[in-house]
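In this document, chain identifiers A, B, C and D correspond to the written order of the chains, with residue numbering beginning at 1 in each.
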């Protein structure tokens, strides 16, 4: 699994350049102009629509399942063929009016319902992890970057230490060693624990360069406290970086959650998650391709949407900056 | 001796913008005699740097150039890239403002001086090129040149880096040196040394010089002809003495009045008409 | 220079020590009693106590940790008297499941993982840098936008989805490739190559996408440097300007990232090896997780961390060798 | 040592050292002495110019006096109080008595804040009421520095360099300081704009009577604005004196070297220009009368 670090590094490096290149700095890109540019971009629009759709699906899961008729945990033995080792009856994995996306081989559970509920799990975990990482990353990055010296040394060493870990293997190791209760909380915790340094490092770097800008000294000479300087003077200048970084982090966490569930240390069955659905489809892919194609495509599209969106927001933020 | 070295007529440089092409240099005329020195003066955004890049054929992507640039009888705008490359560095050399970023940090200064020589003189061995590099560095008074030739740009001070840049142009014995704000990034004592060096080299080699600067005092010490630019327009041109003793355009007069003098009366500095303070 | 080296080595030792400690805490303190697991079903209290004594689990935490650490460097002996088992350095303990030494298990699997990693690395480096260069040269044109679309897709596709999709397409539907099975290189090189082709592709795609973007961004940025303008002003031809003044500075940072990515891949490609049934370190880890075979998981984790830390250091040294600004300090 | 009457700031034997460490366990640690035993006085209402080339320690000295960095040794006495010892309320009071105008007008203004927020920041940070409300107060200050008060909701990037520097001056004036430290405040500006800002500073000083510590590398600019001049080299002050004494009869060899290096327009050209200018004016007047 190509984990996100290197990619984040790329983005970070660019973001850093953009922030340092400031002669003369641009006016803060007006929200309305950005929105207009955004609406013109069809790819970005399509991606937002898909993300919204998945979000909506996750939020209204019980309602949607009522409409489709089958719950995520209900077995439908009538939809599978016991003579064919439980292969779904009918073409394309049993797709039809009864089961919109077909059924799982063997158990006959409705794939649509499991996709809907899986979206709920995946989104909750990815978004919570993103929020937690962002908070940790911003707080530690700002603190280390602004205060420097000993504080910076401690935070930087911790970050280096966490980043030196083979994160995926270690997450698996930790999760497999820890008890299986409250897996979802553990997942969020473990993902965030290993994830925050990547944002923190970039925030730290930008804070260090912002700190050298004279407006920080001006604020200090005006009697501002460290807290006021950090939150009132520096943080507003980091806003676009943080937005871009978090948007780009979401797909990473969606992928990580799915990957961990795929490996069997993520969400515990029978709770559905997309990664776990793909994992359980491995023995069947040759005979029932629909079983892995559907969650696979859903997952791919979600990650793609977030990546494209993050990419577009970054470009908007940059050109908004260049168009002084 | 008053044979023309450079004759620019109607030079226009434009960049495409959202509202049609934006002209940063507008119908500029320049003349420089062989061995003469021309100062181009202007404030930021006057288009003086773009003028030099246009002469070198090094405009950034997207920029368009029109008009005529005649160098020693050759029309540069009609040359193909390959022929222009033979002129660049060999017959017209350029010194840039920021010597640190203008030198490649990955190579020794010797390599960077020698590669220009090798590019223009066929069949030159490495050893020969290196000797040329050392000679050029000695000529710009870098002490211990034989050892310093193997040092990297970051191992030199700002003034020494600018000397390296000048050595680079010297190795080719160019007929014209274009120096774009060569002393702006330097301290005043170092600036004096670099200006002296440029004068010395001109006297030795008979090369023509175009000095681009925002500093009227500097240009008054170096140039015999001066061109004043503002927003891409040529405001006024003439001999240095004429411009400094009898400026005809209001902008030139204002500029001269605004310069703080080290040896003149102290009083209210005159600024642009209408914007003067109280 | 020597000072710098010493600093790096010291830092590395500290990180590795912390990794050991961290791993050890998680596996021997937080997880359920290993002795019970080793003993299996129908176990008596005495038997468990015996195993505890053999494994040294009855001793205090720091003693256990020390024994573990010294085992890594000097080997250790399990049990006493006739039952004593000698475990040579670097000793990572014994598998609960197969009772094999973990070190041996890892060493056996190393060639497969190395093959997977090297092949994938060659592929992604070639593809990524080439595509990045093309993108940079054709900036804003069709080729650039096309590659940009490809990279976004490549970055977004989870590799197990890609692995399954490729298998379905190339093996099941089109039958271009055989079903993956282990064939030694000496026996049938063509089969061997076909066998590894899919894992290489799967692993390379995501990284290639990242390298493409990185190369593109670096090259475009370098071309705007003042020293590139100087090189052109000297009258150098486009070939020289590119080779000397644009590519070297632009590609240097890629070395850094490549070293780290490659090192972490050597430590096992869990998902890819599992999906394709390749008997590498990644699969070993995945299998041990399902069987809850803690010494093996721990061994693999330590190995992976070791590789990343060492890779990191090698990259730093390489960087020092490449970039004169780091290599030679400024004089006066 | 007795206090000269009217001395506002008295700095004695200032030293500032920076750690230049290699970092890590085996890093070689070195100390760089940026300011080395500097003593200076700023009298009420005067402008003391601190000149020197890059890296001579003049900016660090300014930061020490503004208490933006802590001293390694030495004392700074402002208006009878020891600056290093100030805390809490006293420090806030000091912050409104000493204000700084920085070199780079864009870098010194927060790009994400409006002019209004920037100009009133010193009052807000010191928890002081804004007389007459933020909008009106900003407007009045902007007028005083020659800016359009209607532009108070704009962002720094929407102004030119000279205008942005005026915003920086307005911010400094917001708390009616006793001393303004101008750190290369006109170095980044084009010559015509530079002249305007110098004139503005001189006018404001006449009106307000604040003292000024003017840090610069450009001797010609310094000569236009300074009452007294201190020349720095290698972290030390090599010469202090009244402006005319320093410029006309410099004592220290370094000062002489510095002065000799300044490029100048030939005096005879300037004289000729002034004659021509006078003649031209006379002609114009004649034309007008005709």
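As a convention for this text, contacts are C-beta pairs under 8 Å (C-beta built on N, C-alpha and C of every residue); 3 or more make two chains touch, one makes a residue touch a chain.
Every value quoted in this text rests on a predicted model; they were computed, and no experiment measured them.
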{"item": "Partner chains that subunit C and subunit D have in common", "value": "A, B"}
{"item": "Chain pair with the higher count of C-beta pairs in contact (B-D, B-C)", "value": "B-D"}
{"item": "Rounded Å distance between subunit B and subunit C, as computed from the means of their C-alpha atoms", "value": "52"}
{"item": "Subunit B-subunit D separation of Cα centroids, rounded to whole Å", "value": "32"}
{"item": "Subunit A and subunit C, separation of their C-alpha mean positions in angstrom", "value": "23"}
{"item": "Rounded Å distance, subunit A centre to subunit D centre (Cα mean)", "value": "49"}
{"item": "Complex contact set, residues of subunit C against subunit B", "value": "225-227, 229-237, 240, 244-245, 248-249, 252, 323-325, 328, 330-332"}
{"item": "Footprint of subunit D on subunit B - complex, ascending", "value": "43-44, 187-189, 191-192, 195, 214-218, 220-221, 241, 244-247, 253-264, 266, 268-272, 275-278"}
{"item": "Subunit A contact footprint on subunit C (complex, rising order)", "value": "15, 18-19, 23, 26-27, 30-31, 152-153, 155-161, 164-165, 167-168, 172, 203, 206-207, 210, 213-214, 217, 221, 253, 257, 260-261, 264, 267-272, 274-275, 285-286, 289-290, 292, 294, 297-298, 300-301, 304-305, 307-309, 312"}
{"item": "Of all residues in subunit A, those that touch subunit C in their complex", "value": "1-2, 6-7, 9-10, 13-14, 17, 160-161, 164-166, 168-170, 172-174, 176-178, 251, 255, 258-259, 262-265, 275, 278-279, 281-282, 285-286, 289, 292-293, 296, 299-300, 303-304, 307-308, 311"}
{"item": "Residue numbers on subunit D that touch subunit B, as the complex places them", "value": "53-54, 146, 190-192, 194-196, 198-200, 202-203, 217-221, 223-224, 247, 257-267, 269-270, 272-273, 276-277"}
